[in-house]
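These are the structures in question, set out in turn.
After this come two complexes, each holding chain A, first together with chain B and then together with chain C.
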Partner chain A sequence: MSGLTPYAAAFASAAGRVVRRPGELAVRLLFYVVILIVFTALWPAAAATAGGSIAGYSAQALLWYVTVAEASVIATKPRLIEDIGNDIGSGAVATEMLRPVSVFGLRLAAETGEALVRLAMALAMGCAFMLLVKGAPPRPAAMLFVIPSAVLAVAANLAAQHTFAGAAFWLNDAKAAWFLYLKFVFLLGGMLMPLQLFPVWLERVSWALPFWTMAYAPARFASGHVDLWLLAGQAAWMVVLASVAGAVFAAGERRLEVAGG
Partner chain B sequence: MREPRPSRTLLATSRTALVEAWANRRSFWVQVGAMLLNDSVWVIFWVLFFHRIGRIHGWGTDDVLLMFAILATVTGISMGLLANARRLGWLVAEGQLDAVLTLPVDPLAYLLIRKVDTALLGDLAFGPLLFVFAAHPTPERALLYLTGSLCGSAVFVSFVVMLGSLTMVVGGRGEQGDLGFQALLILASYPLDVFGGLTKLVMFSVIPAAFITGVPVHLVDRFSPATLGALLGAAAVSVVLARMAFRAGLRRYRSGALWTRA
Partner chain C sequence: MLAIEAEGLRKVFTGRGGGPKGRRRTRSVEAVRGISFSVEAGERLAYIGPNGAGKSTSIKILTGILHPTSGTATVLGLTPWKQRRDLARRIGVLFGQRSQLWFELTPRQSFDLLGRIYGLDRSATRLRVDELGGLLDSRDLFDAPLRNLSLGQRMRCELAASVLHRPEVLFLDEPTIGMDLVAKQRFREMVVRLNAEQGTTVFLTSHDVSDIEQVARRVIVINGGTLIYDDRVSRMRRSVLSTKLLDVRFEQPPAPGSLDFDGMQVIKETGLGYKLVVDTERRSIREVLDTLLDTQRVADISVLDPPLEDVIARIYERRPS
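Take a look at the complex of A and B:
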C-alpha cells in the first residue's frame, strides 16, 4: 500500500479485513435479516391498527425506514466503546502514541473502513429483502440520498463512540458505557421508530442530541421524505463530534504522557 | 478420604462462579445498573409504541410489559446464571472442553454453571421487579410467571446448547450459536400474535421463541391446563434433545490439544 497516507492505508486495510472474514459478516447480516422479518410483521400490523398510516408514515414507508435505520447502526461494532476503553485502560494505546500520526485519526480511519464495507453489504441485503418481500420504496428517487446520508450516519456514530470511549483515559475503562450509548442510538436516534412517533417533549430532546444523525436521517430519506437539510445537519454534527473526540483523545494522551498509564 | 458427591461439587462450582462475579463490587454494580437502564429503554419503547398505536392483535401495554418481565427473567437465568450456555461453541473451538472432561462431574452441567455473566444478572433483578410493578401480581399469577420463566429458560438454554454442540461436529467457532441466540432473543422480544404463517410456525419449531415469552404470557394471562402441559412438554423435550446433542457431539469431539482452565 505504498503511496497511501497512513490514514488511507488503515482505512483500506480494515475494509479488506472485513471482506476476508466472511463468516463474521454473514452472521451479522443474517442477524439483520431476522430483525427485518420481525419488523415486516410488526409495522404493517401497527399501521393497519392505526388506520393505514402513523404520523405520516405508511406501512411501506415504515418498513423502508427501519431497514435503512438498522443497516446504518449495525455497520459499526456494537462493543467498540468497550474495546477502545480496554485498550486505554490496559495501556495498549500507549504503543499507538509512539507512531507519528494521530491515535484518534488512525483508529477512526480503520473503523470507518470496516464499517463502510458492512454498511454496503447490509444496505444491499436489506434493500434486496424488502424489494422481494414487500416491494419498492415509497419514493425510489429518494433512495439516492440514502447513501450519502448513511455514510455520514456511520461517520458521526464512530466519532461519537470515540468521544464516549475517551472517558476511559480518566476512568480507566468504559465497561457498560457501550450499553447505554447503544440505547441512546436505538431510541433517541430513531432506530426503533421515527422521531415523529414520540411524544412532543421526547421528540424535542431527540432533536437536540446528535443521535438522530446516526439512524433517523438516512431512514427518513428511505421512507420517501426528501429533507435535504438533514444532510447538512449530519455533516455539521459529524464535524462537531470528530472535533470533540479529537480533543478528548489529545487531552487523554497528554495525561498519559504526564501521569503514566 | 470420601469423595464429594457430584451434586455438592456442582453446587460449590456454582457458588464460586457467583463469588467471582461479586468479587469486584464496583464493576458488579456498574454492569447490573447498565443492564437495568438498558431494560428500561425497551420498556419505554413499548410504552411509547402502544401509546401511539393502541392494541395490536390483542396485545396492549400490560401484555407486553408482562412479556418483557418474563423475557428479562429468562435471559437472567439462562444467560446470566448459566453464562457458558451461549459460549459453548467458542469453548469447544478454544479447546477448553478438554479440562472439563477430566473432572468427575457431568461435563455439561459443570460447563453451564461455571460462569456467571454479571451484566445479565441485572436482567434477573429487572424481570421480577417489572412483574411486581407492572404485571398485576397475585399469588396465582406469580406462580405461573415463575413456572413460565423456568420453562422458558429451559428451552432457551437447551436451544443454545444444541447449537453450541454442533461445533463439535461441524467445526467453526460457534458462529451458529451466536446467530441462533440472537434470532431467538429478537423473536422472543416481540408479541407472538403479531406474527403469522411461516414465521409463527418457525417460532414453535426451528427457533422456539414462542416458548420463551409468547406461551408463558398466555399461561399467566389466560391459564389453561393445555397451555401448561404444552409449555412443560416443550421444556422437557428441549432438555432431552440438548443432552442428546451434547453427548452425540462428545462422541465426535477431538481434543483441541490445548490445556487450559475451564
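Take a look at the complex of A and C:
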C-alpha cells in the first residue's frame, strides 16, 4: 500500500478482504446464477407471447439486461444500511471519529473496494453463463460501456445507502430505511425489468429518482442500447448522492458530538 | 508542560423520557458536573469511578467525540471538539470494548492500513511495528489471524495499533475489561513500559482497583459526574486502599474465636466459606496468610482488592463535611 492515500489504502485493503470470505462470496454468486436460470425461462416465454419483443427489448436483450442489472445490485452488501445503522446506534462509529480522516470517505472507499471485486466476479460469471446458455449479447460492442456504467452504478448505490443509513444518527435505527431502500432499487431502479416496461406514470417517477443509475443504466448498455447520456447522468447523480451522504454524515457526527451516542 | 487541561467541564444529555405517547417529557441527565483538573506530560493518571460516574463521557469530550455543554479543555494545546482531526494525529485511544483492528486481517495487515490512515509511509510503519513488537513482547502475535488470538493477546495488538503513530497522549478506556488476571497483569506492564520508554502520557479509566495501583502514579476519582478525589496513588494506598479482602474456604469449621486477631475481621460467613477483610496498615497480607495457613485447615484462598464502591465510600468518609 506504499504511496496510497488513506482512502485508496482502505479501498485496496477492503478489495483484498472480500476474497478472505469465500463462503459469503460463493453463496452470493450461487444465488445470482439461480436468479439467471429463472429469468432464462421467464423472459423468452414473456417475449414470445408479446410477439418476440417487449417495449423494444428482444428476449436476448432482456436476458442480458437482467444479467448486468442483477450483478450491479448484488455487488453491494444487501444489509449495508442496517450494518452502518448498527455501527452508528452502538457507538462504534465513535472509534472511527478518532482517526484523522473523514468517517464517510473511509467507509465509502472501503465499501467500494469490496463491491467492485464482487461486481467483477458476478459480471464474469453472469456473462459466461449467458454466453454458454443463450449466446452473445445483442450488440457486443455496447458491452464496452457496461464496465464504466456498472462501476458508477455501484458507487452511486453505495453513496445512496450511506445517505439512508445516516438516518440512524437521529433515529438510532436504520432497519426501516434499509427495507424501504431495497424496494426502491428493486422496483424503481429497474433491477427486475427495464423502466420502459413500467406504466408511463411509474416510468416518469423512476426517471426523476436516482435509483435508475444503480441497475437500469449499465443494464441498458448490455441490452444493446448505446445511450451515452446515461453515463453522464450516472456521474452527475453520483456527485449529488456522495455530497448528500457526506453532508448527512457530517451533520450526524455534529449531532453525536452535541447529544452523545 | 501540561498535556491535558480541563476547566469546569460539564455535559448534559437531553433525551425523551418515558410516559404515555404524546405526553413524553424531555429528560436531562447531567453526566459530568463541572470537572477541573490538569495532567502533566508524561504522567500516568487513573481516572476512575463506578459505572455511570462520567468517565467515558469525560474521555469522549477530551478526545473530541463529544462537545461539552459548558467548560473548556485543551489536549496538547488543542481544543478537542474543535480540532478533532488535528488532535487525532497526536493522541491514541483504546476502548476496551471496541476494536480498531479488522477481523479478516492479521494485526500486521491492520497496522499497514492504519499507518496509511495516519499518514505514515510503508517503511516507517514497518519500523514502528517492529519496534512495538519488541516493546510489547508481541512480535509473534502480529502475523496470526485476529480471530485466533485470545482477548489478552488481541488487546496487546490493539495497544500497538493505538500507539502506532507515536501519540503523545494515550487514552485507555476500560482496557482490561473481560481479561483474565494474567492477561491484565501483562497488559498493565506494557502500558507502564510504553510510558517509561517513550514518555507517552497515560490517561486510564477503569473501575478495577488493581489497574490504578499497578499502572498509575496519580488517581482522580469521580462519582456522579463530580471529582471527589485527586492525589498520588501512593497516598491513596495509605489512606483508602489499605484493605484487602480474603475469600477463604476451610476444610472444617474454624474453632470459635480462632479468627479474631488484630487487623482482620470476618465480614461474611457461609458454611465453610468466609470473607475476611484485612487492614494492611496494621497487618501485612503475608502475616495474615501465614497465620491462617498455620492455624487452620484451608481448602482454598484468594486475595482480592476492595470493590471500587467501597473505596469511594471510604473517600466520602474521610472528606471534611
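The rule is simple: the second predicted complex is superposed on the first by the 259 of 261 C-alpha atoms of A that agree within 3 Å, B and C clash if a C-alpha of one lies under 4 Å from a C-alpha of the other, contacts with A are read in each partner's own complex, and residues count from 1 in each chain.
Simple rule for what comes next: contacts are C-beta pairs under 8 Å (C-beta built on N, C-alpha and C of every residue); 3 or more make two chains touch, one makes a residue touch a chain.
Treat the numbers as computed from the prediction; the structure is a model and nothing was measured.
Shared-chain residue A:197: touches chain B; no touch with chain C.
Of the two partner chains placed by superposition, only chain B is touched by A:30; chain C is not. By the touch criterion stated above, A:140 is placed in contact with neither chain B nor chain C. By the document's definition of touching, neither partner reaches A:52: not chain B, not chain C. The residues of chain A shared by its contacts with chain B and with chain C come to none at all.
Of all residues in chain C, those touching chain A in their complex are 11, 13-15, 31, 57, 60, 63-67, 81, 84-86, 88-89, 91, 93, 95, 98, 100, 102, 104-105, 109, 112-113, 116-119, 121-122.
Here chain A touches chain C in the complex through residues 1-6, 9-10, 13, 17, 20-21, 91-92, 94-95, 97-101, 106, 256-261, going by the rule given at the top. Across the interface of their complex, chain B is touched by residues 23-24, 26-27, 30-31, 34-35, 37-38, 41-42, 45-46, 49-50, 54-55, 175-177, 179-180, 183, 186-187, 192-193, 197-199, 202 of chain A.
Listing the residues of chain B that touch chain A in their complex gives 27, 30-31, 33-35, 37-38, 41, 44-45, 48-49, 51-57, 119, 172-173, 175, 178-179, 182-183, 186-187, 189-190, 194-196, 199.
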